[in-house]
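Next come the structures, one after another.
Note that subunit A is present in both complexes that follow, paired respectively with subunit B and with subunit C.
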Partner chain A sequence: MRKKRKNRNHLFFIAPGFIFYTVFVVLPILCVLVLGFTNWSGMGEIKFIGLDNFITIFTDERFTPTFFNALKNNLKYLVCVWLIITPIQYLIAYVLYIKIPAHKYIKFMVFLPYVISTTIVGFFATLIFNPNIGFMNEFLEAIGMETGAWFGDPDWAFKLLILFVIWQGSGSGIMIFYSNFMDISQDVMEACRVDGCTEWQRFWHILLPLSLPSCASIITMSTIWALAVFDLPYILGGSNGGVNGSLDFANTVFYRYTFGSGLNGRQDYGFGAAICLIMFIIMLLVTFIQNKVLAKFEYDN
Partner chain B sequence: MTKKAKANDFSITSGNGVMSGKAKAIRWLISIILIIYTCFTIFVIGATLLNSLKTKSDLVTNFVGLPKSVTLANFATILLEDDFLLYFRNSLILTVCGTVGCILLSAMAAYGIARYEFKGKSFLSSYFLIGMMVPIQVSVLPLFLILRQLGLLNHLLGLVLVYISQISISCLIFQKFFRTIPKALEESARLDGCHDLKIFFRIVLPICKPVIFTMSLITAIGYWNDFYMPMVLLGNKNVRTLTLAIYQYIGQFTKYMSESMAAVIVTLIPIVIIYFLFSSQIVEGLTGGAVKG
Partner chain C sequence: MKKRVLAALLVGAMVTGLLAGCGSSSGDEGSSDGTSGSITVWYHDYSFEDSLVEVIDAFNEEYPDIEVNYEIRADGDYYSLLSTAIQSGDGPDLFWTNGTATVNMPDYVENGALVDLTDDVDFSLFDEDTMALSEVDGRYYSVPWLTLDTRTVYYNKDMFEEHGWEVPKTFSEFEDLLAEIKGEGITPISMALESWSLLFGFEPLLAGYDPEYSAKLQDYTDITATDQPVRDCMQLMVDWADAGYFGDNWQGVIDNASQILAFTSGNAAMNIAGSWDAATISSNNPDLNYGAFAIPSEDGTCGLVGTASNGLSVSSASDNVEAAVTFANFCATQEAQTIWVQSQGAVPATDTIEASTEIAQEIADSGQGNQYRSWQNVLSSYSSTGNASTVWGDDFTKIFTGEMTVDELCDEIQNEM
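So, the complex of A and B:
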């Protein structure tokens, strides 16, 4: 009797969340899968056109170069996440872990930008790098150096973007790495101290391998987010993706063609969904390969 | 450095090991570099604050220096002439409703999954993870169409519904937490004839106040700062949020310089105060369950 009652009661708890989640999270994902094969303009009948959208994406002479330039930027960004941002986060987490002087203050301050909205980060970037009145140019002028166009300069735009991403986004990763270090058993640390290993040995042979499994999931998440990056490049570069497309990402392209003017001057949600699908497939692919590599790396240790 | 000196060349966590002078110097060097780095944050926030207090003409001629005279006129302008109170209210409604709904739904769903045995339990718990693995940017277009169909485009309610549904991460963390609560408490209440829903709201939820608090903080910060979803789903001026308003100002930075300074300060103040009060809880909420394993 009691068992029967239990069986019914869990539905009370799960059903509300399940319904909302299904309608507003899962259903849209399924919709993208279907819409990508149509040329629906948002009104009227939905007509399936097979792979036409994908053929357009890869062969249209106006769209394809833009899209591939955006994908190239995404890839560049991803490489920066892997080779610059994540190592920096890891190292800062490490120096906080070994309690360098003033580590409490540093911890407090490096995490602060995490709670600042991306629009405000964009505002700060304008404040400093605005070519007309920004602090940077004022400063360079004052010391008699040449001023720059910064975000208006394709050579600089991407580098500055990465700098601001590090400033705003690295806090969360640092905290996660840091808490992973804190989870490592003190016994291991003690044993390693008794055995008299150097700081370098301890870092390389103990901390790194022990924290890798938990690093794998944060790297996966940051990869997914790197491929979906939108806010900061859009705010800094505008909807056209900056000068010469230097701040154009797959998502900005998607936004421009879906909610903006569209490819041929008509609203085509099917085409937008097709772009989403390709982004999604790339995400799956990169995550899959990355997990394979990380798993192998873990095994080696 | 000799090998022996090297052997002492570290401190575990308490700094009780004897450090060589060189190691100490390196530590200080790293720390100074990082302190200089953190000055950037102080500088940009401080500069914005000072500039927001300048008069319009003062700001144009004296962008870098200290204000010649302090004025609150910029704040008055944005609050009275540019409906910043309205934007503030919109952001607040979205954040509060979205967070409360999301936390409530995810806590309930997590409780149902963690505490009951039923068919398809493991499927359900991985089903709830999909939202974490697929960024919202992928599904924003159908969301836009669904809300348009429901007539909720450009309505705060539409975005609130979307926010409420983002339960993946909090559901995962709540599940982990519920597994750590001993069952005995609920069992005895059940023997006293308490209904399951009552047990949940009267006994279980009060126990998880700390977790609820940290999760709410993280969720609320995310919603307060959100830019993408409001931009796509809320186009009209009467439902504009603070982040969107600031974006409008950045677009015409040279025209609305002093207003944008004040606007940024107004948006920044609540979040910085919350950070100063609860930074450790925010960190905890972020690292708590999101990534382990």
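So, the complex of A and C:
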């Protein structure tokens, strides 16, 4: 009698993905963990220097203020995501859902910038706001208003960045909210119409509670994105982080200090890895706290 | 059971196949007898492609058996690409570095990544100042190009003629000119709020402001990098910025490209920038009638700030060092240097090569034969901590945005010298 063995064929299907993921994602992450304790410049011997990188991050008189200014910008950006960008996305999804006039056209136009690459968005920003060749100053001058330095003005740079992020990036969130609204059972909608509730009541008591799960996922995703933002600030403010560091984020600092003009002008993969580890811990903390809060968003029934 | 083995084999085959695809492709680099085979050259910017092709063509007339391939790696992270390629043993046989102007080449030397060319290449064309670009611990590791990377004041000839402005002969005439242009509602100088752009404005200004001090930078004796002339000159530049001589909203201009655009579009009367920008200016606006002058000192003497530029180094990981060195040696010949300088439209750093464009000749002539060392080069060459140039690069813009005073910046730099 043959012994009945458990069917493990599924392992063969998992294997390729598992191996690739391990080799190209898990191993590099572990490498970063190790590199954070070295001063490897990308070439030559890898020397372990213990906690020196981390001590530098928190005590160096040049680096520490830069890093914390960047972190502050990241948090500022995060608050903007929570209080400005996500509510705007939600609102637009809602007006699309109640089918305002020309909603199909608006939906198309709102989503369009999302497929434009960030580099091109940066180029648009230059075309509009560059003091030399930009359209904005010419326009303001023509109507007799004061011109500005825009991205060269620390009071404006961050606000304009948020504006461009909303313009470019809100499409995806709007689509998720919108499809969540569409997903709400028509029975519920009909029931509330029969009961004669107002538009406001329908929004407050039905749409909002039933769309909380998508809020949770969008907030989680944009939080991670907010802490890892790089491309747009880099294009708009340059690698030095813009005027007065107003467009300096943790990732632009990381880029600067890893690949070039860093602490001593050399590439320093070890130091870069240490910055990554610190950012990883911060992200972990923020996401952890946020998940605790957002857990309430999941509906029970 | 058979099926399972088959599945395992298939998976294994798939994985190894894919991995092999991702891995390094170690091609055969030809035979090693030195006079044949193929070598690969890396350069960092497309503006050098045509010149490189011309030099390779000339090389192949003499050495038809050596095939020279080139790759332009203008992706922004040139050095990290290069380091990764060298590290993986897959790097080019010859590659460009910035020589001793940045820490990259000395770093490669320290890690044994470069071939010592001192005895294998004939460096007789180059003078001592030029060879400083290539020298680490008394040995040479690269072949420079005799293009003078200098800074100059480009001016819009038509605009000058229209308003009756004259090319200034003394420093105070230059200052008066700026005020006059500003008075007519035109931006006198196009500038960008970016360390290097500002530097290429500051250095020629310093040369005109205090030629005596500038001349002393050559040997860097009896002076420090942040003596009073440097501080005064920086302050003067900040004052000019505040007076609107760089335009009213110039702080929003953060890159060289839009700095050039303001000049080529006729919004600014002048542009103080690198001599290598002439090609971009001409291609931006082929109809622009422009010239160049050097900022004169009070007694009328002029000079050019800058050095020759660095070229190729030979990788010690090359499979065909002999062919690579042969190519490096060819680059050091008068023939190759002439091709390079003229196809670049560059300012020649030597009398033996003629400039190929009018503007390059004009820049060369404007120096009256005087040449000054770059102030930034002093920072990178004589910093005791090695960080002076980095501090400057990080903070130079801050004196223009009011985050720092000139004295604070200079003291900070001096601490690293």
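Just so we're on the same page, the second predicted complex is superposed on the first by the 281 of 301 C-alpha atoms of A that agree within 3 Å, B and C clash if a C-alpha of one lies under 4 Å from a C-alpha of the other, contacts with A are read in each partner's own complex, and residues count from 1 in each chain.
Going forward, contacts are C-beta pairs under 8 Å (C-beta built on N, C-alpha and C of every residue); 3 or more make two chains touch, one makes a residue touch a chain.
Since the model is a prediction, treat every value here as computed from it, not as a measurement.
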Original post:
For subunit A, which side has the bigger count of touched residues, subunit B or subunit C?
Top reply: B
Original post:
What is the contact status of A:133 with respect to subunit B (first) and subunit C (second): first, second, both, or neither?
Top reply: both
Original post:
Looking at the overlay, what does A:41 touch: subunit B (first), subunit C (second), both, or neither?
Top reply: second
**OP:** With the two complexes superposed on chain A, say which partner A:9 touches: subunit B (first), subunit C (second), both, or neither.
**Re:** both
**OP:** Answer with first, second, both or neither: which of subunit B and subunit C does A:240 touch in the superposed model?
**Re:** second
Subject >> Which superposed partner A:281 touches (first subunit B, second subunit C, both, neither) >> reply: neither
Original post:
Is A:83 contacted by the first partner subunit B, the second partner subunit C, both or neither?
Top reply: neither
**OP:** Pick one for A:148: touches subunit B only (first), subunit C only (second), both, or neither.
**Re:** second
Original post:
Of the two partner chains, subunit B (first) and subunit C (second), which one does A:55 touch, if any: first, second, both, or neither?
Top reply: neither
Original post:
Once the shared chain is lined up, is A:175 touching subunit B (first), subunit C (second), both, or neither of them?
Top reply: first
Subject >> Residues of subunit A at both interfaces, subunit B in one complex, subunit C in the other >> reply: 9, 12, 16, 20, 23, 42, 126, 130, 132-133, 259
**OP:** Write out the stretch or stretches of subunit B touching subunit A in their complex.
**Re:** 6-7, 9-15, 17, 23, 27-28, 30-31, 34-35, 37-38, 40-42, 44, 47-48, 63-64, 105-106, 108-109, 111-113, 115-118, 124, 127-128, 130-135, 137-146, 148, 161-162, 164-168, 171, 196-197, 200, 221, 224-225, 227-228, 232, 242-244, 246-247, 249-250, 253-254, 257, 260, 264, 267-268, 271-272, 274-275, 279, 282-283, 286-287, 290-293
Original post:
Tell me, which parts of subunit A touch subunit B in their complex?
Top reply: 6-7, 9-14, 16-18, 20-21, 23-29, 31-32, 35, 42, 92, 95, 97-103, 105-106, 108-120, 122-124, 126-128, 130, 132-133, 135, 138, 167, 172, 175-176, 178-180, 183, 186, 189-190, 193, 196-199, 202, 213-214, 217-218, 221, 224-225, 227-228, 230-231, 235, 251, 254-255, 258-259, 269, 272-273, 276, 279-280, 283
**OP:** Spell out the part of subunit C that touches subunit A in their complex, as residue ranges.
**Re:** 4, 7-8, 11, 14-15, 18-19, 77, 79-80, 83-84, 86-87, 102-104, 107-108, 110-113, 190, 193-195, 247-255, 258-259, 261-262, 265, 267-268, 380, 385-387, 389-391, 393-394, 397-398, 401, 403
Original post:
How about subunit A: which of its residues touch subunit C in the complex?
Top reply: 9, 12, 15-16, 19-20, 23, 41-44, 62, 126, 129-134, 137, 147-154, 237-238, 240, 242-244, 259-267
